[in-house]
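So that you can tell them apart, the chains are marked A, B, C and D in the order they are listed, and the count of residues begins at 1 in each.
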Amino acid sequence: SGGDSPTDSEGAIDNEIKIAMVLGEGGLGDLGFNDEAFEGLLKAAEDFGISYDYVEPKSVNDFEPQLRMFAESGEYDLVIAVGATQVDAVKLVASEFPDQRFSIIDVAVEGYDNIHSSSARNPEQHFLSGVLSGLVTLDDRLPYTNEENILAFAISIDAPIPREAAAGFMAGAKYVNPDVEIIYNFIGGYRDPEKAKEIALTAFDRGADIITHNAGASGLGVIEAARERGKYVIGTSRQSADVDYSLAVSVKKTEQMVYKEVESIVKGTWQAGSSVYGIADDVCDYDISGLKVEIPEDILEIVEDIKQEIIDGKLELPYKIEDVDEWAARNQYKK
Amino acid sequence: MKDLKRKFAAGLGSFKLSFFALFFALLTGAIAIALSGYSPIETYKAIIVGSLGSKQGIILSLSSATPLIFTGLAFATAYKVKMINIGAEGQLYLGAMAGAVVGAYITGLPRLVHIPLTLLSGALVGGLIGILVVFLKVKFGASEIITTIMLNEIILLFTSYLSSGPLKPEDSVIPQTHVIQETAQLTRLAPRSQLSSAIFIAIAAAVLIHILIKKTPLGYEIQVTGLNRRAAETAGISITKMYLITFFLSGAIAGLCGSSLVMGVNRRFVEGISANYGYSGISVAALGAYNPLSIIFSATLFGILKSGAITLNRTTAVPIEFVDAIQAVVVAYVAAPRLIEAVLSLKNKIGLKKEKSLNRQQNLAEGEVIKDDGNI
Amino acid sequence: MMEIFNILEIIITSTLRMSVPLILASTGATFSMRSGVSDLGCEGMMIGGAFFGVLGSYIFDNAWIGLLFAALFGMLFALQHAVLHVTFKVNATLSGMSVNLLSAATATLLLQIIWGRHGNSPRVSAFSKIQADWLKKLPVIGEMLAEQNILFYLSLVIVILAWIYMFKTNSGLRLRMVGENPQAANTVGINVVAYKYFGVLMCGLLCGLGGAYLSLGQLNIFVDGMTGGRGYIAIVINAFGGFSPIGSLLGSLFFGFFESLQTIFQGKLIPSNIVRMMPYILTIIVLSIGIRSSKAPAGVGKYHDE
Amino acid sequence: MELIKMTNISKYFHHVVALDGVDFYLNKGEILSLLGENGAGKTTLMKILYGMISPDSGEIYYKGQKVNFHRPLDAINMGIGMVHQHFMLVPAFTVLENIVAGAEPSKGIFLDIEKAREEVGELIRRFNFNISLDDKVERLSVGEQQRVEILKALYRKAEVLILDEPTAVLTPTEVDEIFVILDELRKEGCSIVIITHKLKETFAIADRISVLRDGKMIANNVDPKKLSENELSKMMVGREINLGVKRPAKNIGKVRLRVKNLVVKDGGRKKVDNVSFDLRDGEILGIAGVEGNGQTELIEALTGLRRPESMELELNGKKLEGDANTFLRNKIGHVPEDRLAMGLVKEMSVKKNLILGYHREEDFCKNIFLDEKNIEKYAEDLKAKYGIKASHIEDPISALSGGNQQKVVIARTFSRDPDVLIVAHPTRGVDVGAIEYIHGKLLELRDRGKAILLISADLDEVMTLSDRILVLYEGKIVRECQQGELSDVELGLLMTGGNLEMALGGEI
């Protein structure tokens, strides 16, 4: 759809830069990844006075023609592809249009003269939340925790990126709480809050007191379950966080990755290649701003301490759920 | 000669109906768009310019139509024996997976062998699913509507498992399989497009099914089975065999759709490879009155709408769901010739003699009878 | 380690919750099938119920009015099905599918037009668990029942009423006769068209309620695509339950049970995608060995005047 | 007194004129026989009276009052009941449910099934029906089903009863039973219209006769006492009809088909119980029996449609086994018992129906394709030869009248030169003209040396055509006899399980 830069309406165009965005499958309204990416574009448009167009693909087969449509028009300074699923399409279209610059978000692509990729170290998104949860579940100062040493993770779909995120969470929890049990379930979709809620309720009934998810709009069901049971939840989107029950938000600042892409175009520093971000780059983090749960200072200190360890490069996180136990056996937090 | 005339008249009758159905659907759509505060003219202009206004647009329309020819044909084929194949989606997925495996893991074959082999692998697994459905129906009386819905879920999960587990390339962060060999890739007909030679395969399949149904004894048996099972049995036609053949063909065509998507568009299996093509096929088949040749055109119409929607999405703020809604309405109108008649006669009520409308009804009835027979 | 009993209790509680939309929708499907109209539009009617339930609750800030909206708009989409199939004799598979297409598109469009939002609605007032402490005190099932919201009880009442209606009243007998043999029904003076409309509209009403359970019972928001194919599952369950309200209830519980069982089974040993196949595979198996005898009403898809 | 008057009724189906300015009346307390060829418009006229079809023009008066019936309910409310040519029953319902549905006794909104049982039970006793209320209709024989249909009308206390070919599927005994009931109803003041193709029945029961021809009422007030059967059939068809003349076989040849130990089971019950017989070239072997005594299963076994429990079948001295296709290919022709359900595809053209079952034979195929040209020629040929009345061979079967539909089946089977013919109810629901024609064809084939097995519910038909008769009762052959050996009363007795010797001994 046509997006106006805010300056358009005032009649004075700050610059002629025009950005195109091909969102991930399913488009806007996922309360997660796509919405965040779009937010980054909006913010950049406001800050730099650029104009933009975007499309919302209905299926994976739409990426290629939509990327091509933008490239073909020759109007755009940059075409941003959102989501790892676009990788094949971007590579193909980029080779067809060597003069068109592309950025792809969420997956690393190398070896193309006209593609820059921004991606995150996925385990780092949830690692600090994992640490926080591992500590909180053992703590009786918070009103909604229980005796059990059990956490839960409602994973969106059974695919590598969501699994990597879950691995990060588990590693975090076990890093500070080696005996913790983590129940995890796959919801099977980004738009099935009913199923997600059921998974969350089941997990709570099995003794978990904190549940986390990375399932976009399905996460609404997880939050609802937490509210109903009076338990904690950690989501991935500030938009849908619940001030009373959200312990934190695990952020992977997709908006920031997008913003940086646009910024580099405006500043003329855009270069082909690949950037991988993490906690050290302030792209992955845990976020408790605006939430009401009062987490004891000593716990937050430990989390910050561990965050520093990562920034200092002292910890290499596991990418696979299967590797977490072995990793935790080797890595234990010592004060 | 008289024959030709009859057929022509009937064909014209059903063409007229399709035309009016389309017209009323667009009109209904325009009203909805206007009520929602957008400009119908701008919307339709964007759709038409986007899909037919340029060479690229036309090519995109055709490439979007290709899978729909397959799935429409798949539904229509099973419908010839009055079986409802809601399972094209699953058959397509399994076909795509088979194509991806055969295309990627078999190496060292010349194109001339590898391409047909890969195509057929998709057709084969799709067809086998069809056979399974018939087996469950004949042996246990399980309705094919139910089993195909269940199988869709099962197959989707199964291919998901394969593409995120055992068959996923090590370095891939999304569920998908390895890229297929060069020797298994279909040629793209136009540079910078998804249009591949799959469209010829689809058209050829439609023509072959048409000939099979209309011109051969087997097709005759299929028609008889669809129209009157007991008469077919009495005439020594094995119903089970007819079910098996048509459902195998139906599944095979859907499977072929899957393998040709892999070979022509995606070059590998990816999750979400079908944009609900299996389900859209039902509408396409209906719009084409279950006639294999007409399905080519109805699929093209859907392809045009689809590629128009892409442009619409880029250039206007009009939500593209309007295109979906228009499709739904087209289906409703087309499927209801009597509805169109009713709407038309509303207009004609004043001033026309009863006799005339009697005449028209007569034409309509004739058109219908012949349509059911599969003729146009 | 959890005790087996505990796990079982969790599963059953979850089963009851998950079954409600299926119970409602498949009972709806029963009405449709018993009146001789195939019920492929259930998914669309559920979407309609889920969306308009939220809209109603949004406008009036009252979940009950939302429920009323859900019922009405479920019926509105059902009306489309009825007009096309019953009056204009469109093949029921098609008219059902066109209901599904249209209601999905309508919901997405209205989200954008009314709230300017993509993908989900704002939060609205919804139903909560019933507050009845005496319930909890019941042995064994107390905790499980207290977990449910009012719609669960409503759905049980509906099933019972539907069963009584269908098998114990004059009108129910006529409905079934229409579904079995519309021509015969016509010749004994039954208004076939009216009964078919009634069956389809009841289907819309109940599917609408089923949809509303998703958006207003379990949640308080509409999310695009939230029905997730439950309408299709309801069709299957209805056949599975022998086209009877009680059968639909049992079928829904069966399906819900394996659906919740699989969340427990998911884990390290078997890949999640394989475990999630369980309810579907079991349905096919049971369908194959168990219920050969349950035949669909003989008049499905037939008209009285042909 | 005129109870019902219909004036100037016309009805068109597309371009077919079904009724053309018909006047019709019915007096109180009379039984009127409505006669006419197939397709004359009898059913259509009665359906209009019953509110099922609305006429294109014309008026209906009931007790002098002009009425407009839009749906059957309007007619039912006026006390008109109709028993349809094709059963209007729900197989999955019980007899009781079938009878009361639509007019159920109730307690509030609930069904009062006990009251229903009482009321219907009362009726059954009064009219001496032999039927159990809780049986599912799908398990009943056609005769029983016919009784359920009549009960439906009686239950609704019809003052006017329309019976559309109620006797087509009944045995003579059953017909007699029904006529007793009709007589009783007449005495009570009920007015009855009965449609039948059997003139004998008309003479037995009717007070008055009306004759339709080609949609026109050509005689409205014929007194059955003043007319002979021949005159009547001439009136109907426009020519002399000669039915019932026996033409014995002249040259019966060798055994063509030998059936031994045939047993067919259905749901555990033996439907055909150890039947053995020989069928010879040049003879017609008739099977007499009340419907539901194993005829259907016997035919199915002998045409390959059903795998029997046990059977040794020899064709030309060689063992034969297989499915329907095998039987057809071995030149066993089959005229199925229900032409529309089993013999024809009503949406398909006459042409295509004429090759059904033989469509893979050489003369209809060229390479892998159907040989359209040849098929067309063949169809035109048969249409002329068998006098099939259709405007074009491309017309769908549904556009033909019942008699002509039957002719299509007959033409198809007879012209493929079968060695054996299994013919079931060849003239059911067919008018006298067509009956004469079909009988002629059957005898002609026999005289050309074909072996013919004839199954018919019409005992007269069996008796005139057959050279030899087997009586089937409860799946067993209870008697074999030659043509003319036994009278219809004796056969009827055997068919219902009676014992001839005892009966003749005057014991009954």
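The rule is short, and it goes like this: a contact is a pair of C-beta atoms (placed from the backbone, for glycine too) under 8 Å apart; a residue touches a chain by one contact, two chains touch by 3 or more.
Keep in mind it's a predicted model, so treat the numbers as computed, not measured.
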Maximum inter-chain contact count - chain pair: B-C
Length of the line joining the C-alpha centres of chain C and chain D, rounded to whole Å: 46
Distance between the centres, which are taken as Cα means, of chain C and chain A, whole angstrom: 35
Centre-of-Cα separation between chain C and chain B, whole angstrom: 28
Residues of chain C touching at least two other chains: 271, 273, 276
Junction residues of chain B, two or more chains touched: 160-161, 164
Junction residues of chain D - those touching two or more other chains: none
Touch relationships between chains, expressed as pairs: A-B, A-C, B-C, B-D, C-D
Chain A partner contacts - residues on chain B that touch it in the complex: 56, 60, 63, 160-161, 164, 168, 172-175, 191-194, 261, 265-268, 270-276, 307, 310-311, 313-318, 320
Contacting residues of chain A [partner chain C, same complex]: 26-31, 35, 56, 158, 184-186, 188-189, 191-195, 197-199, 201-202, 205-207, 217-218, 220-221, 224, 228, 321-322
Interface residues, chain D side, partner chain C - complex: 50, 52, 71-73, 76-77, 82, 84, 87-93, 97, 101-104, 106, 109-111, 152
Residue numbers on chain C that touch chain B, as the complex places them: 40, 80, 84, 87-91, 93-95, 97-98, 101-102, 104-106, 108-109, 112-113, 229, 232-233, 235-236, 239-240, 271, 273-274, 276-277, 280-281, 283-284, 287-289, 292, 296
Chain D - residues contacting chain B, complex: 12, 14-15, 303-305, 323-329, 334, 336, 341-349, 352, 356-357, 359-360, 364-365, 368-370, 392, 394, 396, 398
